[in-house]
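A, B and C are the chain letters, set down in written order, and residue numbers restart from 1 in every chain.
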Amino acid sequence: MSDRVVEVSGLRKIYKVHERQSGLGATVRSLVKRTFKEVQAVAGIDFAIEQGEVVGFLGPNGAGKTTTLKMLSGLLYPTSGTATVLGYTPWDRRDEYLRRMTLLMGNRTQLVWDIPAADSFLVLKEIFQIDDKSYQRRFDDLVELLELGPLIHKPVRQLSLGERMKVEFAAGLLHAPEVVFLDEPTLGLDVSMQVRIRGFVRELNKRTGATVLLTSHYMDDIVALCKRVIVIHHGRLLYDGGLADLAERMAPYKLVAATLRDGAADADLSKYGEIVSRDAGRVTLRVPRAQAADQTARIVGDLGPDLADLTLEDPAIEEVIDRVFSGDHPFGTPEREPVAAR
Amino acid sequence: MRRYLRIIGTFIAAEAKNEMAYRANLALGVVEMVLVIGTSLGAVLVLFTHTTSLNGWTLAQMIALTGVYYLIQGGVALIFNPSFEKLMEHVRMGTLDFTLLKPANAQVLLSTRHFALIRVADLVMGFGVVIVGLYMLSASVTAWSLVSFALTLACGVMLVYALLLSLVTLSFWFVRIDNIMAIFWAFTDAGRFPIDLYPGWLRFTLATVVPIGIAVTVPAEAISGRMSYETFIGMLVGTVLAVAAASWFWRIGLRNYTGASA
Amino acid sequence: MTLARIYRALLLAGFQQAAQYRIQSLLWMLFAIIRPVIFLAAWIAVAVAQGGDIGGFKVGDFAAYYVCMTFVSQLTMAWNSHEFEWEVNQGRLSAKLLRPLHPLHYSVVENLVFKLNTLPVLGVVLILVSISFGAIYRTQVWHIIAFIPSVILAAALLFMFNWVIATLAFWATRMRTANTLFQRTLFIFAGQIAPIGLMPGWLQAVSYALPFWYMMGAPTEILRGGVTQEQVAQILIGQSVWLAITFVAFQWIWRRGVRAYSAVGA
C-alpha cells in the first residue's frame, strides 16, 4: 500500500451569505433588518490521494472545487469533517506543512510588482531556508523547464499575463514542495501558453514525483494531465475515478457520422440510431456501444455507393461532462447518494 | 439648460440609490465628518485658551472661518471630486471618447457625473459651524455681510473648481498626475487658518496657485465684517478670470486629446 | 540566525522597490512638513499677540518644537491601517499566510526602508526651516542619549498600534472610519496641535494617560531638550508599558482576525 498523501473525510463547508435585493423599497428595508441564507459550498466529501498522483477536480463554476482546494491548502477551515495532507491538518498552517506544499492560483500575483522576479526569489530562498546549492539547482531547473530566460530579470510589472504566470509558478516551486495545489492554472492564458503550462506540470510530476491536485473548468487541462478525475457539483462528489472510465460509464454510446453523396442526402437513417445532427449531407448518429459495429456494417451495406464517408468516434469528453452536470447520469443527483467508481 | 438640470437630476437619483445600498457608508461618513470638524474646532479652542485674538481674528471669527473651510471642502468634494477622479481615469485608460460622444457639453457632464451624496452631510455640518460662529458674532452681522458671504463663498468654490479643472487638464499630457494632485492636497490643509498668518511664500501660493487660502479666508472675512470692498471686487474679478482661463485651458487640452487619438 | 538572513533579503528587495518610488516618497515628506509649519505659524501669531512668550514657550521654542515634531513623526510613522484592507481584498494576505513567515515582518521592513530613504532629505529641509524660523534648542547631551531608546520605543508603539487598527480590516468592510478616528485621535493627543505643556489641564492629564503622546510628543520634547531627567525616566517607563500592552493586544486580535479570515477564505 503506497502512502496516502491526502485523506479527506466528510469535509463540509457552509457559508452564510447576506441576501440583497434590488429596488429602493427593499434597499431601505435592508437598512433595518438583514436576511442571511446558508450556502453549502462543500456538502460532505470523501476521497484519498496517493503520492505522485495527478488528480483533477472538475466541476462548473461554484461547484465547490476551489473551496475544497482552499481547505486542503490551509486557507480555509471546514464547517465539519477532517482532512490530512502529508499527515498535517492543513488549516493549522504549521510552518513544517507550509514548507512542503504550495498553492498556485491562476491570475493572482504574490510576487512584488516592481522588482525582477529573480530578486523576489532570493527572499523566498531565505524564508523557506533553502541552502545555496539546492537553490541554484532548482533555480536552473525551473528556468529551463519554464523557459524563463530573460523574464526573471525584468520587473514583474513589465511581464505579460502568461509570462507572469510562469514566473509565479517558478516562485511557488522553489522550495520543492511535495504537494502542489493548482487552482485554475490556465485561466486567461492563450492557447499556446496553456499547452506549455500543461507540459510543465506533467514534467514536474514526472521529475519530482510531486502530488498534484488541480482544479479547472477547462476540459483540456484535465484531459492532458489527469488520469484520475474527481467530479464535484453542488458541493458533492459525483464521480471519482479514471477519466476514460467516466466517459465509458457516462456515455455508453458511440458517434457514427455518415456523409452521403448528393443524390441520397435525404435518406432516412433513423433506423440505425438516434440522429444527433444533420448538416449538408452529413448525418451524425448516436449508437449504443454494443451495437456500434453491427449498425456500421449495416449502414455500409445498405447505402453502398451513396455513402461517401463514414467515421466512428467516442463522444466528446465535454459532452460527457455536460451530461454529468445536468443530472442526466446514473451517478446519483445531489439529493441521492453519490457513487464512487474506481 | 433645462435639459442639463434634468440630466443632473437623473445622476442624483442614480447615486442616491447606489449610496443608500451601502448603509454603513452613510452613517459612518457622517461620523467621520463630525470627528474631523470637531477635532479641528478643538485645535482652534486650544489655541484660544492662550489668547483672545489670532492675528486680529477673534474666536467667533475663527469658528466661522473653520466652518467656511469645511463648507468649501464639502462643496467641492460633493460636486467635483469624484467626477474629476473618474475623468482622470478615463484619460488614462483612453475611455474618454465614450463620454465625448455624448451630445451634451463634455465639461458639464464630466464635472457632475458622480455626486458623492455623503458630502451633503459635510456641507450641512460646515453650515452648522458657520451658524455657530454667526451666533457668536450676532452683533456684527449685517445684510451686506450675509450677501457678500454668499457671493464670495460661491466664488471660492468656483476658484477651487478652476484649480481642479486645470490640474485635470494636465492629465491630457502627463496622464499620471497623481503626484501633482498630492502636492496640492497637502496645501489645502493650510486653509484651516486665515492666510495672513503665514509666511510670505506660503501666503502667495495660497492666493494664486492653490487658491484654497483665498477661497476660505475671503468668505470668512465677509461674514465677519472684515472684508474690504477692494477684496470683494478682486475676488469676483479673480474668480471670473480663473474660471475662464481654466475652461480655455480645458478646451485646448480636449482638442489636443481628440486630435491625438484620431 | 535565519531571521537575520530573511531580514537582509527583505531589506535588499525593499530598497530595490523603493528606488522606483523616489518621487512619491519625497512627496510624502512634503505632506509631513506642511502641517507642522501651519501650526507653527498659528502659535507664532498667538505668541506675538501675547508679547512673545506663552507658558515658557518663546517663538524660537515653538520653532524648535515643530521641527523636532516633524523629524520624530517621520521616524515613528506607520501606515498599515491604510493598506491592510487592500492586501486582504487582493488576496496577497493569503499568499503570505501560506509562507512560513509572520506577515508582520514584511511590513516592518517596508517601514524601515521608507524611513531610511526619506530621512536624509528631510533632515536637510528641517535644518533650513530651523534656521529661517530661528529655532531655539535646549538640548543637552543626555537628552540625545535618552532620545535614542525613546524614539525606538515610540516607533514600535505606533507601529504596533497601527497594526491593531489594521487588523480590524478582517471584520470591518469600511476601514476608512477606523482610520479617520485613529488619525484624529493622534491629531489631538500626540502633540501636533500644541506642546503638551500648553494644553488645558484636563486635556494634558488625559494625554499623559493615553498612549498617543508617547508615540510622538514625548520623544519630541526629549529631542528639543524640554524635559528634565526625571521626566525622561517617566516617559521611557510610560512608553514601555504601553508597548507591552499594545503588543499583547495585537497578538490577541491578530489570532482572532486570521481565524475569522480562515472561516471565509480569500
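Just so we're on the same page, a residue touches a chain if its C-beta (ideal position, glycine included) is under 8 Å from a C-beta of that chain, and two chains touch if they have at least 3 such contacts.
A quick note: this is a predicted structure, and the numbers were derived from the prediction, not measured.
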| item | value |
| --- | --- |
| Distance-maximising chain from chain A - centres being C-alpha averages | B |
| Chain closest to the assembly centre - both centres taken as Cα means | C |
| Rounded Å distance between chain A and chain B, as computed from the means of their C-alpha atoms | 54 |
| Separation of chain B from chain C, taking each centre as the mean of its C-alpha atoms, in whole Å | 30 |
| Geometric centre distance via CA averages, chain C-chain A, whole Å | 48 |
| Contact set on chain C toward chain B in their complex | 23-24, 27, 30-31, 34-35, 37-39, 41-43, 45-46, 49-50, 54-55, 173-174, 176-177, 180-181, 184, 187-188, 193-194, 198-200, 203 |
| Chain B residues within the chain C interface of the complex | 24-25, 28-29, 31-32, 35-36, 39, 42-43, 46-47, 49-55, 179, 182-183, 186-187, 189-190, 192-193, 197-199, 202 |
| Partner chain A, residues of chain C touching it in the complex | 2, 5-6, 8-10, 12-13, 16-17, 20-21, 91-92, 94-101, 262-266 |
| Residues on chain A engaged by chain C in the complex (per definition of touch) | 15, 67, 70, 73-77, 91, 93, 95, 98-99, 101-103, 105, 108-110, 112, 114-115, 119-120, 122-129, 155 |
